[in-house]
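Note that chain A is present in both complexes that follow, paired respectively with chain B and with chain C.
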Partner chain A sequence: MRTFRIGGLHPHDNKEFSAHKAITDVALPTQAVVPLAQHIGAPTKPVVAKGDKVLVGQVIAEAGGFMSANVHAPVSGTVAKVDSIVDSYGLPMPAIIIDVEGDEWLPEIDRTDNIISTIKAEPKEIIGKIQAAGIVGLGGACFPTHVKLSPPPGNKAECLIINAVECEPFLTCDHQLMLEHGEEIIIGIDIICKALGIDKAYIGIEGNKPDAIAKFEELVKKAVNHVEVVPLKLRYPQGGEKQLIDAVIRRQVPSGALPIATGAVVQNVATVYAVYQAVQKNRPLVDRVMTVTGPSVSNPGNYRVRFGTSLNDVIAAAGGVPEDTGKIICGGPMMGRAMANTNMPAHKRTSGILLLPESMSTRREPENCMRCGKCVDVCPMGLEPYLLSKMGDMRMWDEMEQHNVMDCIECGCCLYTCPSNRPLLDYIRMGKATVGGILRARAAAAKAAAEAAKAEEKK
Partner chain B sequence: MNTIVISLITLGVLGCLLAVILYLVAQKFKVYEDPRIDLVEAVLPGANCGGCGFPGCRGMAEACVKASSLDSLLCPVGGAATMGQIGEILGMAAAAGDPMVAVVRCNGTCGNRPKTTTYDGARSCQIIHNLYGGETGCMYGCLGCGDCVSVCKFDAIHMNPETGLPEVDEEKCVACGACAKTCPKKVIEIRKKGLKDKRVFVSCINKDKGGVAKKACAAACIGCGKCQKACKFEAITVANNVAYIDYEKCKACGMCVAECPTGAIHATEPVMAVVEKINAKKAAEAAAAKAAAETTQA
Partner chain C sequence: MNNLIVSPAPHVHTSNTVTKTMLNVIIALLPALVVAVIYFGMGALIVTGISVVSCVLFEYLINKFLLKKACTIGDLSAVVTGLLLAFNLPANLPWWIIVIGALVAIGIGKMTFGGLGNNPFNPALVGRVFLLISFPVQMTTWPVPQGFATKYIDAVTAATPLSAFNEGATEMPSYLDLLLGHVGGSFGEVSALALIIGGIYLLARKVITWHIPVSIILTVAVFSCILWLCDNTYMDPLTHLLAGGLMLGAIFMATDYATSPMTHMGQIIYGVLIGIIVVVIRTWGAYPEGMSFAILIMNAVTPLLNHYCRPRRFGENPKK
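Coming up: the complex of A and B.
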């Protein structure tokens, strides 16, 4: 079995708690809180006002640019207000609050389970439909999908790689989705291939999901295009875009370049399912499957959650917060973030809720770095985490930039492996934020200078 | 013997020759530098703190010599005295800068502002700021990890373990502004030291609505505007649910301090003495009014 070539490690995957649990619906909330910013890129502009009646699937906030995604009403009812709410990190965030009345959908949405396999839409139409449906990468980064399917000039897509790796420990939602909606996913792959004008696709699945591998090896025979299942060796962070490209087609993304430079377009398996629903059934992105799990959660499983449902309700559906909980994490244990506030609505980014007991979640006291180099060995981007973290501590931003801190994917391998419990990633993340700010300021200054020079020339 | 003499002569001649070449080269490629730069640099404190906005004292000296007037230049460490000396060297009038000091505009002591979450990552305010709103319900206030302490080159700011807030040592603070620049929450402000150390400032920057702010911190500014009404000098403005005192207009009369319902306005000791008098007077008036009301009732 293949895997990526630089770094990585294998944390215990802990998937047994929620694996093979059938996807169940969480009850609709009485009030849905829909955040306006659910993606990377320009924020959306609300197009509804207080008192407006909305149906499920109706656009309530329009994309603020090409690099943005529409937000649809996940419930039907009356808009109560457009207000600022406190997000899971204690920071303000704009949201539309809807009082739920019944569950009425827009009439053009096909809600039946019929599988429609003929793809009538033309490539342009497909991308238009995906854009209108507000689909973003559901693996966690929330990058608008239509942007990824429109390669920048000079780049040509050669193959599609489906990210069905789910290398993050504890999470099982993608696995279960593959088991339950395999046929739809295969059609979704064909749709994306048609949109990109290519006929080659790979599905990367980690070896800890043998049933999904077997199922898809059967299913790919039905696909229009040449689809190949690539079983992968267990290794974190294989689900990272750059790592997956390396593992599947043995090409490395150059530093600072987009993954399309290798000719590969990577899409998460849940995104592919959403694409199928948007193109074949006119169903915009209004819900997602998320895993609620933890060693002492009474009813861990995979839940289909309508956006806007409070995470408190989702946790309650899984049996509530266990007594020994020390941290509630949004996402998985490696890349997820601990939440300061669980009264936060589910949205496109929430791939899971992990309730970790105190014994598993408290950090140990950091000790001195002993230069063992383990962090360098495991870094999948070939960086030197011990050095970068020290530079972050000393606020040496220029040096951090020279040592390619912006290449860090924040996978957390360095922090996980450090025998001295050093908070390596904390400092690197700070450096990334600061260096990113410096780079943006520099780009803006260069742009302004170029414009000024142009204006001068015209004179 | 002969060898020693020959080598001595050779080396001697070579030395003289090279010295002449070096001298000629030095004359040819001489870079003229204003001698006043050295004089000005000698006057500057030499802490290289960067508080003036230039890279170190040498940079400041160069800027002073180049500048046509000293109005916009100030060494916060040396203050008016140093600027006066520089003015003498350069034959220019130095602007009389007011002495400034750093103030921490947060009341969120452990008692006033209970913790809602626990943070166990690397101890740095910048890191917490990038991650989330902070350990308490107030997302505007001090994060308490002491980034300001670590950047202070004058040992003038320290964390008070009892309150969890930084405290400025006014004797040592030179108002270079390094702490204010570092603080990710922009809690620290450089304000005028004031006549005889008389200073009044709103020690809170919470922009939440009154109720929310009060819930997060007992001593938060709730933006009620009582201080604005009490101020006779129009020094106080209330914007975004938080009051701000303009130190240029403030006369440190203490009226606003006596009026503040949450105790968000802080004053230095000389002002507090006046405030106590105002409060005593108010109490006496209230007691008199109460007594008068009782007599009329009787």
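Coming up: the complex of A and C.
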């Protein structure tokens, strides 16, 4: 089995808690709080006002540009207000609040389980439908999918790589989705291939999901295009876009370049399922599957949650917050964010909720770096975390830039592996923020200088 | 539930710690200690005990009274230094010389630079070389291995295979004796076999990687083989590999984290150069044994190797 070629490690995957638990629906909330920004890019503009009646699937906030994604009503009912709430990280979050009444969907949405395999839409139309449906990358980054499917001029897509790796420990929602909706995912792959005008796709699945590998080995025979299942050796962070491309087609994205430079377009498997829903069934993105899990959660599993449902309700569906909980994480344990509370709605980015017991919630005391080199060994980007963190500590921003700090993908491998518990990634994040600021300032200054020179010339 | 802990990712951590790493090194050194006791009797244990206790004690005292920092002896690194220092000493060394060695190793070799991980030179070797230069007579009279009959005081002494060879002896011990360690010498370095067993354990527990020991051993083998083929009055490659401090140095001393390069490329260059320097010192130098000097010299080169041997960045001339 293949894997990416630099660094990586294998944390205990802890998937046994929620693996193979059938996807179940979480009950509709009485009030849905739908955030206006659930993606990377420009914020959306609300198009409903207080008192408006909305149906499920109706656009309630329009994309604020190409690099943005529509927000649809995930529930039916009356708009109570358009307001700003405080999210679980203490930041303001503009949202549309809807009082739920029944579950009425827009009539054009096909909610049956019938599988429609003929793809009628033309490439342009497909991308239009994906854009209208507000689909974003559901692997965690929430990058608008239609943008990714429209390669910038000068770049050509050669193949599609489906990210079915799910390398974060604890999370199992993609795995379960593949087991339950394999046929739809295959059609989704054909749809995206058609949109991109290519006929080659790979599905990267890690070896800890042998049932999914076996199932897809069968299913790909039905695909219109050449779809190949690529079983991958267990290794974190294989689900990182750059690592996955390297593992599957042995090409490495150069520093600073977009992944499309290698000719590969990567889509998460849950995104592919959403694409199928949007293109074949007119169903916009109003819900997603997420894993709710943890060592002491009483009913861990994979849940389908409408956006806007409070995380409190989602956790309640999994048996509530266990007594010993010390930390609640949105996402997986390697890259997820710890939340100060759970008074926040689920949205497109919520790939999982992980409740860790207190004993697993704190870091150990840092000791001296013993220069064992383990952080260098595991860094999937070929960086020197021990050195970067020392430079960060001493505020040596130029040196950090020279040592490629901006290439860090914040996978957490270095901090995970350090026997001395050095807070490596904390320093590196600080360095990235500062160096990023310096780079932007430099670019702005260069632009201003160029413009001034031009103005000078005109005179 | 009111007091959720919020901290940046990642939220999970390896179970590996500094203490566990050091414990593994200690376990890996035990076979060699057992062999030493079998061949050199209680002397080996006494020297080891004095060295370990004084290293730990000096680290504790320096932290407490001079640096006024938190106590670090719990990480067991001082125990490792004590063991490695002892392994480089004759089994009949007077106790006060050992204490001086420990003071130099911990005080000058380690704590002056800020403790674990900050020292540019291997502390045990700093201690050993200091003793070698200050007490050349005591440091080069090795007891004859007579098992438990070997006395700590007034032991019958003899030369090591390497020094004997240097002085032109023609009768060399058999390879089997060299492998098992039934020869004179610093008591921790005599048994190549016990050290290799320890090395395999360290590799299996992923404490070290193969790069440094293998590159040293291969270089010594190849280089000494070339010399020997040119002129067979030079020492043969197998004796080079099995005698003296080569295995102890290659497996336990050169692989010291703080003083060896961080990247595999750097480690291979480091190992190759150590191998070359050892053979050169042994063949043409004034000392019969050159492992300690070779490692110390390369310790000094490590920062340079770290600077020039960067890991290959992702996306940088990928191998096809």
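Here is the rule we use: the second predicted complex is superposed on the first by the 447 of 459 C-alpha atoms of A that agree within 3 Å, B and C clash if a C-alpha of one lies under 4 Å from a C-alpha of the other, contacts with A are read in each partner's own complex, and residues count from 1 in each chain.
We adopt the following convention: a contact is a pair of C-beta atoms (placed from the backbone, for glycine too) under 8 Å apart; a residue touches a chain by one contact, two chains touch by 3 or more.
All values reported here derive from a predicted model rather than from experimental measurement.
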Exercise. Can A:G437 be said to touch chain B (first), chain C (second), both, or neither?
Worked result: neither
Exercise. After superposition on the shared chain, which partner residues are touched by A:L91: those of chain B (first), chain C (second), both, or neither?
Worked result: first
Exercise. Who does A:T362 touch here: chain B (first), chain C (second), both, or neither?
Worked result: both
For this session: Scan A:G207 for contacts with chain B and chain C and give back first, second, both or neither.
Result: neither
Exercise. Between chain B (first) and chain C (second), which does A:G65 come into contact with in this model arrangement: first, second, both, or neither?
Worked result: neither
Exercise. Touching A:M381, do we find chain B (first), chain C (second), both, or neither?
Worked result: second
Exercise. If you count the residues of chain A that each partner touches, which comes out higher, chain B or chain C?
Worked result: C
For this session: Check whether A:Y427 is in contact with chain B, with chain C, with both or with neither, and answer first, second, both or neither.
Result: first
Exercise. Which chain A residues lie in the overlap of the chain B contact set and the chain C contact set?
Worked result: 337, 340, 362-363, 426, 429
Exercise. In their shared complex, at which residues does chain B touch chain A?
Worked result: 116-117, 120-122, 124, 126-127, 130-134, 137, 139
Seminar exercise, completed: Interface with chain B, chain A side, in the complex: residues 89-92, 337, 340, 362-363, 366, 393, 423, 426-427, 429-430, 433-434
Problem set entry | Residues on chain A engaged by chain C in the complex (per definition of touch) | 5-6, 11-12, 169, 242, 246, 250-255, 257, 321, 325-329, 333-341, 354, 356, 358, 360-364, 367-373, 376, 379-384, 386, 404, 407, 410, 412, 415-421, 425-426, 429
For this session: Mind listing the chain C positions that touch chain A in their complex?
Result: 1, 4-14, 16-18, 20-21, 72, 75, 77, 114-118, 257-258, 261-263, 310-316, 318-320
